[in-house]
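First subunit A sits with subunit B, and in the next complex the same chain sits with subunit C.
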Partner chain A sequence: MEEAGAYMIGEKQVFAWVAALLQHAQVIAPRRLRGSDVAYDAVESPDQVAWDYRTSVSPLKRRLFPQIEPMFSWHRQAGDGIELRPVYDETERVFLAIRPCDLSAVFLLDRVFSRDHPDTYYLTRRQHSSLVALACTQPDEHCFCICAHAGPFLAGGYDLQLTPLPTGYLVEVGTDKGWELVRQAEELFSVAPASAVQARRELAQQAEQRFADDRAYFAAALRKVTFDRVPEELWDQMGERCLSCGACAFVCPTCTCFTTADFNGTGDGVRCRLWDSCLYESHALEASGHNPRAERRHRLKARFFHKLSYQFAQKLGSHGCVGCGRCITACLGRNDMTKVTARIRRGEL
Partner chain B sequence: MPYVTTTCPFCGCGCGLYLEVQGQRVVGAVPSLDHPVSQGRLCVKGWHAHELSATPQRFRTPLVRRNGELRDASWEEALDLVASRLGEIRAARGPGAVGVLGSARGTNEENYLLAKLARCCLGTNNIDFADRLEALPGLFDLPQHRHLTTPSLTVADLEGADLILLWQSDPSHEHPAVAARVMRAAEEGVTLLEVSTRRGQLGSLAQCHLSPRPGTDVYLVYGLLRCVFAHRPPSTPVTEALAEDVSDRSAERTEAVTGVSAELVDKAAELISRAQRPVIVCTRGVTSWQYSTELLNALSALSWVNDGALQPRPVILWLSRYCNLQGARDMGVVPYFVTGYQPVADEGTRARFSRAWGRELPAEAGLAAWDMLEQVRGMLVMGDDPVGRLPDPGRARRALRKLDFLAVIDILPTATTEAAHVVLPGASFAEKDGTFTSADRIVQQVRQAASPPGAARAEWKIVCELSSRLGYPMSYHSPGMVLDEIAALTPIYKGLSFAALEAGWGSHLSLTTEIAPPDLNGVDEETESVLHRALPAPDAEFPLVMTVDYSLQAWVDDPMVEGTVTLRRELGADRVPAWPVIQISAADAADSQLSDGQRVRLRSRTGEVQAVARLSGGVSPGIVVVPFAMREMVAQVMPSAPHPESGVPILPPCAVSVRKV
Partner chain C sequence: MENPYLPDLAEIVSLRDETPDTKTFALRFRDRRRWESFNYRPGQFVEVSVFGVGEAPFCLASPRQGAESFDITVRSTGAVTRALHALGPGQHLGVRGPLGNGFPLDEVKGRDILFVGGGIGLPPLRPLISTMLGRRDQFRSITVLYGARTPADLVYKHELARWRARPDMEFMVTVDVPDQDWRDHIGVVGSLLPKASIQPSSTVAFVCGPPIMIKFVVRDLLQLGLREDSIITTLERHMRCGIGKCNHCLIGDKYVCIDGPVFTYRQMKAMMDPG
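Let's turn to the complex of A and B:
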C-alpha cells in the first residue's frame, strides 16, 4: 500500500474498519448511554459508535487512570509468607473517535506519569493503546480548546486523526502505530486527494471561527496567576460558591490526584488507588490536625494555579487545561474557568 | 453494559448517575448530563456513592449473637431464628408486642413487602420508620394537612421562581442539587431571602437574612404576612380573612418577639409581595420543632397572596432528607396507613387490602417508631437506625438493649446493629433493582450493577424468606412484580411499572394540587400564650439561647458516610471530637472573653457539659448553635422532650450560659 500522510475512508468502509479493529483489540469509542448522554466506553459492535457526538460525559483519562484502580493484591501463604501480586492491565485498546481536547490531555498525562517516578499502571495501559482522534467541527456550549491550544484540530501527537467530510473521513497519519492501523485494513483506505486535504484545512479554520467571542485566551491570565497578581477577592467570591464536591477534578481530563485504600477480605486483600480532589477540605489535612488549605478560597486558588501558572507549564510543557469545559458544567456553584480567566486577564474583580 | 443508570442513595434530590462496572465490580460513578436534576453535577456523596459496594465494612454474612458477640452464621440458621423468635413473642404476648421498622433509604419494593409482613404475618400495625419524625407525623398525614408536606413543586420548579425563600434550610449541606439551582437563580437576579438561626453558605447571595430568635419563627411569618398585605392589599375573600387574622402583627410587634428589626421584616415582606412565583424551601429545620404545624400553615398562606389569582399556587418545596423517605411514607411504613395514605381505620381500605393480600388487616393503629422501642418485646428493623436518628439516642439505645429480641437487616454497622441479636446482610443501592421516590415525588429506578458482597442478599428476598417462615408465603420473581402489585393497590402509584419507568428519567407522581385555605387559628390570644410559654426564656444567669441545627455537619454521623473511604475522611466521620462543638457569635465570645476553639462550660437549667466554642460570623448574638449529630453529647443541657400534642420527641431550644472552663 502506498505510504501517504493522509488517506480517505468512506462511510460504509468505516463500519468494516471498526469490525476489523474489534478483532484484535478492545475498542473504546463514544457510546450512547441514556438520553443525550454519551461516554467513552467499550463497544461490542460497530453500530454502537456514536460518531455524531459532541462530548463524552467523562474524559478519556477514566480509561487510562480509573476512578478505582487495583494496584496489587496480597495473599497470605502457609506459614508467615505473604505473596504480592501487582495488577497491570495489558489489554490492547484502540481509543477511537476521541475529541482533540481529551487527546491533548492524554499527552499531558503521559508527561505527568513518566517524570520522576514512572507510573507503571498508567504507562502499561498507555503502551497498549492506540489513539484515533475525531476532529471537532462544531464546538459545544462550554468548549474553549482554542484558548488552550488543544483543539479543535490537532497538529500532531495522535496515531490517526479523522476529519468528517461529506463522503467519509479524512485519515491523517501521525505515527508508525497509526500507519499500522491503516495498513492492517488497507483495502478500506485510499490515498486522500489534495481536495480532501484542502477541505480539512478549511474545516479547521471554520471550526475556529465558531467559538464565541468571549472565549478567554490564557496567556495574559497565565502571567497574572503565576506572579500572584490576582486580587484575593476573586478567590473569595469563588470560594463562597464552591461546595467542595470534587467534580472539577474528576471531570478534568488532566487532573491526577489520588489516594490509596486497602480493601481486604480475610487473609488477603487489594490495595487500590482512588481519585481524590484538591478541593476537598481533607485533601491537605495533615496528621497533626493542621490544615494548610482549610478555606475553600485557598483551595480554589491552588487549583487555578495548578492549571494556569508558568511553573507547571514549564515542568509539563503546557499549562494544565485543555479547554474541554467539563468543569463548568459539573460545578454545583457554577464557577466558570473561562469567566474567571477573562476576569483575571482584564484585571476585573 | 459497563455504565449502569441509577439514582443516588443519599439525599432526597434524586440525582441521576451512572455506575461504572469493570469485571463485575463497581469501580466508579459519573453524573448524567441529560438527567433533569443532576444536569451533569453530583455532590461529594454522589461522586463516591459507588464506594458503598467495595467498602470492607459491609456485612457479608448473617450474624447471630452468641455469648455476647455477633458471630458468623448460615442463612438457614439466622432466618429460622428470626422467624421463630418473633413468632414466639407474638404467640406469647400478642401482635402488639412485636414491632417493625422500615427504611428511608430502602427501595419502595422492599418497604412495601416489609409493611405487608408486619400486617399479614405479625398481624400488627406497629410498622414505622425513625425518619418519619422529620415530617412531624400525626398532623401532617391528615388529608387536610397533607398539602403541607406534600410538595407539588419539584426541584426543577426553582428555575421558574422569581423569589426563593430558604426557611431554616441550608441546601448547601443537605440538598446540594438544590443549592446549585438557588445559586444560579440568585446570579440571574432572582430574589433570595434566607430565614435561619445560622446563616448558611447561600446567605451571602441573599438580599435579606432574617434571624428570628429560636422558637419564634411562626411569629415572624405572621408579621411578614401582615406587611405583605400592607404592600399588596387583599382582593379575595380568603386573603381578606387572612389579612384580618394577622392585622395586629405589626412589624414593631414582630420585632419585639422575634428580634428581627421592623425594618427588615418590612423589607422582606415588600420583596415577597412583588413575587408572582415564590418558592419556599423547607426541610427538617422547619418540621422538627415545637410548632411546625402552625409554621407550615402560616407559610402555606403565602400560596394565597398572588394578586388576582383565584387559584392558590403551591409555594412550598419540602425536601426530605433521605433518598426514599418520601417513598417509605407512600408505601405505608406508617402505623395508620397502608400504601398511598389509605387509612387502616377505614373499613373499605381494609376490605380491599384483605382481599388482595389474603389476610385480615389489623384495624387498630400501631405504635410510632419512638414509642415502639419501649413498648414492644421483639423487633425487626430493616435499614433503619433509631439510635442514630432519634433526638434521644441514649434512650433509644437503652430501649433496644431491653428488647427480648432484635433482628436487623442492614448493609453496614450502625448504632442499632450493635444491639442486635441477629444481623442479616443486605444489598446496597448498587446491588439490587428497585425504585426510590425523591423528595419532590419523582419515582426513579435503581438498577443492579454488581452482586452483593459475600453472602449478602437483596432485602426484598430476605423479607420474602422471613414471611414464608412466618406462615405467609411470598413468592415474587423480581422487584418488578412487587411494583406491579403496589401500582394495582395504590392510586397515587397507578400505572407505574419497571417497563413504564424504563424510558426517560422517572415518573412524577401526580397528586392533588388542591390547597385548602390555611387555618390561622393559632393567632388567637389563648394559643398565643401557649406559644409564649414554650419559648426559651433567657435571663441573667442563662443569657443565651441554644438551638440544634439540622444542616450543619448533616452527614457526619451517617453510617453510609462512615462506611466509605472518601466520605468518611472528607465529611469528618473519622474525626469525631471528644467534646461537642458549639458555634457562637464573636460578640458573645468577646463578652465572655472566649477565643476560637476555647474549651467552655456549657450550662442550662437542666445540666452542664464541657464543650468547644467556635466563633462564627453566621450566628447572631444571643444564639448558640449545635449540630444535630452532637445532640447526645449535649443531652444534659438540651434534653429531648415530647411535642405537647403529638408526643413526637423533639429538641426544644433552651436558655444556656457559656463560660471559660
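Let's turn to the complex of A and C:
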C-alpha cells in the first residue's frame, strides 16, 4: 500500500476495522452508559463505539493513570523472608475515537511522567497504547479547548486522527505506530482524495466558529498568577466557595496528585496508588499535626498556581488546562477554570 | 526501565533508644551489591516502607564513607513511625533512595562552619558533621550548637560527649527545661549564638530543627551579618513519592523532594508558599 499522509475509510469499513483491532488489542472507545452519558470504556464489539458522542463524562486519564492501581505486592516467606513483585500493565490498547482535548492532556501527562524520575507504571501503559483521535466538528456546551490550543482538531501528537466526512472518515497519520495500524488493515483504507483533505480543513474552520460562551483568558491569568498579583481577598472569597470535595481534580484530564496505601492479606499484601486532590484538607498535613495549607484559600491558590503559572508552564511545556470543560459541570462552588481565570483577570469575584 | 517506586529490601541490624519517643535504626540492604551502589551525600533522604502500613521519608543520619550500614533516627509520631518502633533486629523493611539534593560540601571548603540543630533536627546534620570532621583540614573552624526541650530529648548523647572532647571544634548544648542534674546552658538554641565565636563574612551556617526555631535562628544569623546564601537548611513537608510526582511536598513550583530538601535561605525566601 502506498504510504500517504491521509487515507479514507468508509462508514461500514470502520466496523470491520474495529473488529480487526479487537483481534490483537483491547479497544478503549466512547461507549454509551445507561442514560445519555458516554465514557471511555473497553468495547467488545464494533457496534458499541458511540461515534456520535460529544464528550465523555470522565477523561482518558483514568485509562493510563487509574484511580486505584497496584504498584507491587509483597509475599512473606518461611523464616524472615519477604519477596516483592512489581505489577505492570502491559495490555496492548488502542484508544479509539478520543477527543483532542483528552489527547492533549495525555501529551501533558507524558511530560509529567517522563521528567526527572520516569514513572514506570504510566510509561509501561503508554508504550503499549495507540492514540486514535476523533476530531470535533461540533464542540459541546462547556468546551473551551480553543482557548488552550488543545482542539477542536489536533495539529499533531496523535498516532491517527479521524475526521467525520459524509462518506466516511478521513484518517490522518501522525506516527509510525499510526501507519502500522493502517497497514495492518490496509484493504479497508484508500488514499484520501484532495477533496477530502480540503473538506477536513473547512470542517476545522467551521468547528472553531461553533464554540458556545465559555472562555478562559489564559494569558492574562498566567501573568497575574506568575507574579502573585491576584488580590488575597479574591483567593479568600473563592476559598469560601470551595467545598474541598476534589471533584475538579477527579474530572480533570491533567491532574496527577496521588497518594499510596498498603492493603493487607494474610502474609501478603499490595501497595496501591490512588488519586488524591490538592484541595483536600489532608493533602499537606504532616505527621506532627502541622498543616502548611490548612486553609481552603491556600489550597485553591496552590492549585491554580500549578495550573496557571509560567514556572509550571515552563516545566510542563504548557499551562495545565486543555479546556475540556468538565470542571464547569463538576464544581458546585463555581470555581471552574473559566470563572477563576475571568475573576483573576478582573481582580475581583 | 528502573522502577523508582519499588523499594529494595533492608534488614534492621541494630537499634538504639535516643529519647523516650525516638530511636535510631541501623539498616543494611539484603543485597550487598545494592549497598555498593548506594552512594549518598549528607542531607539526602530515603523512603522507608513497613509493608502493610506504608512508607515515610527519613533523612540519612550517618555518613556513607567506610560504613557497612546506614542510620535513620525516627520519632514515633504517625502510623509508619509507630510501626517502625515496634520492629526489632533482623526484621525487614523496604528502602528507596537516596533521594533529594543533599548539602553542599566541597562548595564550602575553606569556610568557617556553623551547625545549629534543634531537637530532632540534629540527625540530618550528623552525617555532614562527621564527614567534615573526617576531612578536618579542609575547613576552618567547626562549631556545633545543639538545643533540645529537655536533657532527655537530646539525641546521640554518646556522640555529643565525643564532640565536646575534641579540641579542633567548638560544641555547645542547651535545653529549654533543665532537670536536677543539668549543669550546662539553659535557653533556646539561638541563645548560644552570642557565646560562640562567629566570623560572619566567612561563615556558612547549617540550620535544622522545628520551623519556629529555624525562623528565629535565621533572623539572628542575618543580624550577625551572614549572607542569605550562607544560611542553609532542610525543609520538611508531607511526602509520598519522593521523586517529584505526587505533588504533596510542593511549595510554589519547587518540589521539596527533588529540588530540596536542602535550600539556602535565599532560595527559601524566593519560594512562593501560599501557606
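Just so it is clear, the second predicted complex is superposed on the first by the 342 of 349 C-alpha atoms of A that agree within 3 Å, B and C clash if a C-alpha of one lies under 4 Å from a C-alpha of the other, contacts with A are read in each partner's own complex, and residues count from 1 in each chain.
Here is the rule we go by: a contact is a pair of C-beta atoms (placed from the backbone, for glycine too) under 8 Å apart; a residue touches a chain by one contact, two chains touch by 3 or more.
The structure presented is a predicted model; accordingly, all values stated were derived computationally and were not measured.
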Subunit A as common anchor, with subunit B and subunit C clashing or fitting: fit
Superposition-derived comparison: subunit B or subunit C, residues of subunit A touched: C
Touching partner for A:243 - first (subunit B), second (subunit C), both, neither: first
Which superposed partner A:287 touches (first subunit B, second subunit C, both, neither): second
Touched partner set for A:20, first subunit B, second subunit C, both or neither: neither
Touched partner set for A:264, first subunit B, second subunit C, both or neither: both
Cα-centre angle that subunit B and subunit C span when viewed from subunit A, reported as a multiple of 10 degrees: 80
Partner chain in contact with A:41 - subunit B first, subunit C second, else both or neither: first
Partner chain in contact with A:120 - subunit B first, subunit C second, else both or neither: second
Subunit B versus subunit C as contact partner of A:276, first or second or both or neither: both
Smallest separation of CA atoms, subunit C relative to subunit B, angstrom: 10
Footprint overlap on subunit A, where subunit B in one structure and subunit C in the other make contact: 259, 261-262, 264, 269, 276
Residues of subunit A touching subunit B in the complex: 33-37, 39, 41-42, 57-58, 62, 66-69, 240-241, 243-247, 250, 259, 261-265, 269, 272, 274, 276, 280-282, 329-334
In the complex, subunit A residues that touch subunit C: 71-72, 74, 80-82, 84, 86, 112-113, 115-121, 123-124, 228, 235, 256-262, 264, 269, 271, 273, 276, 278, 283-288, 290-295, 297-299, 301-302, 305-306, 309, 311-312, 315
Of subunit B, residues touching subunit A in the complex: 2-3, 5, 18, 20, 22, 27-35, 39-44, 46-47, 50-51, 54-56, 172, 176-177, 179-180, 183-184, 187, 201, 204-205, 504-505, 565-566, 569-570, 572
Complex contacts: residues of subunit C adjacent to subunit A: 1-7, 9, 49, 51-56, 77-78, 81, 90-92, 94, 211, 236-238, 240-241, 243-248, 250-253, 258, 272-275
